[in-house]
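Following are the structures in question.
Two complexes come next, and they have one chain in common, chain A, joined by chain B in the first and chain C in the second.
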Partner chain A sequence: MNEIIFSAIWGVIMMFCSFLVSNKSAYRHIAAIGLLVLLIVNMMETGGTVIFKVDTMGMLSYSTFGLLFNSIAIGCTLLYVLVSGKDIERLEKNIAEYLVLLFFVLCGVGILSAYNNLLMLFIGIEILTIPLYILTGSDKHNLKSNEAALKYFLMGSFSTGLMLMGIALMYGGTGTFTLEVARTETGLYKGVSFLEIVGLLLLMTSMCFKVSAAPFHFWTPDVYDGAPSVVTSFMATIVKVAGFIAFLKLCYIRMIGTSSAIDWRLLFSIIVVATLLFGNITAIFQQSVKRMMAYSSIAHAGFMLFALFSLNDFANKGLLLYSVAYCLATIGVFAVLAKVKDITYEGYNGLAKTQPVVAAANTVFLLSLAGIPLTAGFLAKYYMLSAVIATGTYTWLVVTGVVFAAISSYYYFRVIQAMYFKTGDPQTEDISGSFKVGLLALAAIIIIVGIFPQIIFNWLYF
Partner chain B sequence: MVALLLILVPVIGGLLSFFIKNEKSVKGFAVFISLVTFLISLMGVFSTDTSMLHFDKAWMPELGSRITLGLDGVGKILTLLTAASMPVILISTYKNTYHNANRFYGLMLLCQAGMLGVFVSMDILLFYFFWELSLIPAYFLCSSWGGEKRIRVTYKFFVYTFLGSLLMLVSVIFIYFKTSDHSFSMQSFYHVKLSATQSQWMFWLFFVASAIKMPVFPFHTWQPDTYEQSDTAVTMLLSGVMVKMGVFAVIRWLLPIFPVTAQNNSSIIIGLAVFGMIYASLIAIRQDDMKRLVAYSSIAHVGLICAALFTNQNIGTQGAIIQMFNHGINILGLWIVADAIEQKVGTRKFSELGGLSQKAPTLAILFVVLCMANIALPLTNAFVGEFLMFNGLFRYNPIVAGMAITCIILVVVYTFGMIQKIFYGNTSALTGTAKDSSFNINAVLVILVIVVVVLGVYPQPLINLAQQSFNLIITKTP
Partner chain C sequence: MPIQYYIILAAAIFCIGVTGVLVRRNAIIIFMSIELMLNAVNLLLVAFSKMHYAVASAATKNMEVNTGTDAQLFVFFIMVVAAAEVSVGLAIIVMMYRNVRSIDVNFLNRLKN
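== the complex of A and B ==
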């Protein structure tokens, strides 16, 4: 609760700042302070101190898991603002409003990690995505950015329609919006009504759209490519992972409850394989690193879907770890991408010569995305594979997963190759010392989490 | 403590090397670190105090993984090989110049650390960590220094091995869930109980990883290209030591975990290995490039080691363990000569070489001795190992052994062909002006030749070390 209210308040404060404070670079400092405050109040709640006691009539309920995820999302946003803050400034003259939107997104994240009611799910998703439509189009004078925003908006509202339809049908089937449903184990499908199944399928379609799982991923490359790199960075990481956390809760309660009527695992296994296939194979053929990263985000969605497939202890921890590993690495890669003027692979040629620190940090990010040991990305993948094996079935799915993980190394290493082994004269924006420090900090966190994952999990038993 | 130091010294040395900008001093520093590592490994080999050799500390309690390091017989042999080959490599290539020398030596030491980690890990997750980690410096080494096509070739090498290791990871996780106490320790893995179908699948997933590393036919296609294209110092590290990782994985994990399945599938694997031996030897005869020839010869030799391991005969296993060490020593010698010739003459092509014995008599003599070891002549170290292995293979199946033995003839054909084309005949335009090899190369080669002969005459110390390890494997087999 702390997080939802504080993020809304700080968002409003930031809005006033936009005309009260004239110094442009002050905005991102205010935003960073705000995120730090958010992180602290959220951790306080993890420790048991709730500042605002609001009776939500059981519509929101906080667990350690949800709060921990909030901390991860806020922490990643903080690092994002610290590393890419200067690039956000370059977007537009009045950037305070864009930073405000980040806080509103975090408010949506807070709801999604705690919802206990389908209406709250809907509201959370909307609060999460509406700021993104604006952010996607923030590069107003770029036609591609406009196109991306419109495309995202149209497709997004369509999927929202499906979600509402699904929720309505589920209400018709069970007579309630709450997630937990009392079921009588009788009747044709042991108390599961046909309407509820259809509703769940629609809801699932819509959620798959939000997390860009195949075959509902078609918007992702265009939108991620069209949006300014800094925005894509935020969209592809925190927002996507929040979608997964919401999806996970839905699966845990509603999908396990209806598993007598429909084999969700089979359905998910098909989605997983399709997502991994489309994401990885298409990523190989990209010429632009930005577009490659868009497809790679689809591929990673495939890996995160393993958690929804298996729904066990490993899946929970794995999804948290995956959030950290994936967000940090992707934020890093996009931060570098925003500095490179030519975003094709050729644009990276010889970067190790001109910017050794940036290239080294970028290598760590890419290694983590590829899942090499000693980075967080390896353990994240490890947990996901373990989760599937722990279910005791579908071992072929794990083998498919690792084959695609090996394929993914192909396109990540292409960037490393360009940076280290090709010669060229890469054009970059000004790279400040603080940017390098930020990148190194990101890389250091990735490696530390890769060796001692306990530092995240210990919070679960707080 | 010894096991931990074996990893830490090269890691720290490697990281420090990155910051030494002066080429001379970084070379000296790397040689110094490699000698220190070598001394530590000698301590490990001669120490009998088990508390000195072992190290155990909790790590990732969530998963039940511990940092368990230790040295047993085969571990001792291979750490000694790894630690000894590094100074040999660095000293023999001391006169070569590398651009970005600090990076080169740093990566070499890190790669060594990764491989030493593989050989001392007694926890399979840790083993997997090091297994992958040694690949990353190797990737950078092969891509940054070497021939023109190196980047594409290294790519192939990397994706191949990475896929193999991930398949192994699946197998590891699967077995982990079947262990009684959910731990990655060697003991739990050795005592795991799997159904026949499960162990069949997991066996093959695991085997593919080591088969790619070794490499065994048909997974060998990355190897000749990578050896040819990468810098010779790196090739030495890859073929002398990294290849042994694949064999080591079989001895340390595959055979003890799946004793019955290994026996059931032995005919397929031995068939592939023996076919690969003949195939590689035939191709070696046709090669014009010295590095490619040695690469194919290496496939043939490692194929024999692999075949002998799966015979399930004490004598074959013992021979394989000994031969791992010997093959490492011999192939290092061959690569050093190849590098010396390339540096002196500027080519590795047989068609452009010839008559070098008139110009470089010392090199010629030392090279011929190493070639004798390559064809496993009696009184050289390789004879002992190959004799034991063929013996084991013969007990397994005389027909297969007969096919494998034809390789001895093929080895003689291409090895003697190589000697003739390089050192005898008329001097070519390029070799006419060549000089004899430098002092450091001669010194290193003399040491290697002494090792070759000593172990050929008195192999007992190695056999004793090997004994410890194969007891472990044999007691597991019903």
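== the complex of A and C ==
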């Protein structure tokens, strides 16, 4: 609860700052302080100190898992603001409002990690996505950004419509909006009704839209490509992972409850394979690094779907680790991308000569995304695959996962190859010392988490 | 009236909305179709709310059951969120119109290359 209230309050404070403070770079610092405050109050709640005691009538319930995920989301946003803050400033003349939107998105993340009622799921998803429509279109005079915003908006509200229809049908079948349904053998709501299954399928479709899983991924490349790089960085990381956390909770309770009526595992295995296939194969043929990253985010969604497929202890841990590894590495890659003027592979040629520190950090990020040992990305993939093995069925899915992980290294290594083994004269924006420090910090966290994953898991046993 | 009539009506309106989104090319019309989808959901929720109330009050023989109120509250939430979405969405459409003097979504295909 701390996080939801504080992020909303700090968002309003930032709005007032936008006309009370005239110094442009001050906004960035105010936002960073706000995120630090959020991180502290959220950790206080993990330790048991709740500042505002609000009776939510069971609509929100806080678990250590959800609170830990909140901490990860806030921490990643903090690093994002520290590393890419200067690029956010270049978006627009009045940037305070854009930073405000980040806080509102975090408010939505707080709701999604704790929801216990379908009403809260709906509100959380909407609080999460409406600010993103604005952020996507933040480059107002760029036609690509406009198109991406319109496309994202139309797709997003269409999937919201599907989600609401799903929720309505589920309500018709069970008579309640709470996640847990008391299923009885007799009476009106006995067993699993047809309405509930249709509703769940619609809800699942809509969630697949939000996390860009395979049959519904087609909006992702265009939107990620069209949005300004700084915004894509936020959209592809924290927002997407929050969608997965919400999806996971839904699967745990509603889909296991209805597993007598429909084989969810089979359905998910098809979605996983399709997502991995589309994401990885299309990423190979891209010429622009930004578009490649958009497809790679679909491929990573495929890996995160393994958690929803297997639903066990490994899956929980794996999803947390994956969110850290994937968020940090992607934020890093996009931070470098925002500095490089030509975003095709050729634009990276010879970057190691002119900017050795940036190139080295970028290499760590790409290795982590490819899943090379000693980086967080390797352990994240390892946990996901062991979650599938722990289910005892669908062993072929593990093989598929490994094969696609190997394929994915091709397009990540192309960037590394361009940076180190090709000659060229890469054009970059001014790269400040603090930016390099931020990148190195990101790379260091990725390696440390890759060697000692316990520093994240220990928080689970508070 | 039996609940099936409401379900069929809501499903029909919802399908008209989905078809509109998939077929029409004008951003405003697509937008209207999405609103149609949301309103079909509102209708369905209210109908279900009434149904659950009738079942619960018949089962308890007691007038003080409040089953079904949650769905009616949900309808208000949908209306509020839809209004918020409209404000952002229309702003995006206006922004696009200022740049290209058109709100035809066929323009969006240029992004693919």
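Everything below uses one rule, namely that the second predicted complex is superposed on the first by the 456 of 462 C-alpha atoms of A that agree within 3 Å, B and C clash if a C-alpha of one lies under 4 Å from a C-alpha of the other, contacts with A are read in each partner's own complex, and residues count from 1 in each chain.
Criterion: a residue touches a chain if its C-beta (ideal position, glycine included) is under 8 Å from a C-beta of that chain, and two chains touch if they have at least 3 such contacts.
Given the structure is predicted, the values throughout are model-derived calculations rather than measurements.
Engineer: Regarding the shared-chain residue A:399, is it in contact with chain B (first), chain C (second), both, or neither?
Structural biologist: First partner only.
Engineer: Look at A:346 in the shared chain and tell me whether it touches chain B only, chain C only, both, or neither; answer first, second, both or neither.
Structural biologist: neither
Engineer: Please determine whether it is chain B or chain C that touches the greater number of chain A residues.
Structural biologist: Residues of chain A touched, chain B against chain C: more for C.
Engineer: Considering only the touch criterion stated at the top, classify A:92 as touching first (chain B), second (chain C), both, or neither.
Structural biologist: In the superposed model, A:92 contacts neither chain B nor chain C.
Engineer: Please give the residue numbers of chain C that touch chain A in the complex, ascending.
Structural biologist: Touch list, chain C to chain A: 3, 7, 10, 14, 17-18, 21, 27, 30-31, 34, 37-38, 40-41, 44-45, 48, 51-52, 55, 67, 70-71, 73-74, 77-78, 81, 84-85, 88-89, 91-93, 95-96, 99-100, 105, 107-108, 110-112.
Engineer: Any idea which chain A residues touch chain B in the complex?
Structural biologist: Chain A residues touching chain B: 317, 367, 372-374, 378, 382, 385-386, 389-390, 392, 395, 398-399, 402-403, 405-407, 409-410, 413, 417, 420-422, 452-454, 457.
Engineer: Going by the contact rule set out above, which residues of chain B touch chain A in the complex?
Structural biologist: Result: residues 60-62, 128-129, 132-133, 136, 139-140, 143-144, 151, 155, 158-159, 162-163, 166-167, 169-170, 173-174, 176-177, 201, 205 of chain B touch chain A.
Engineer: Tell me, which parts of chain A touch chain C in their complex?
Structural biologist: 119, 122-123, 126, 130, 133-134, 137, 140-141, 143-144, 146-151, 153-154, 157-158, 160-162, 164-165, 167-169, 171-172, 175-177, 188, 222, 225-226
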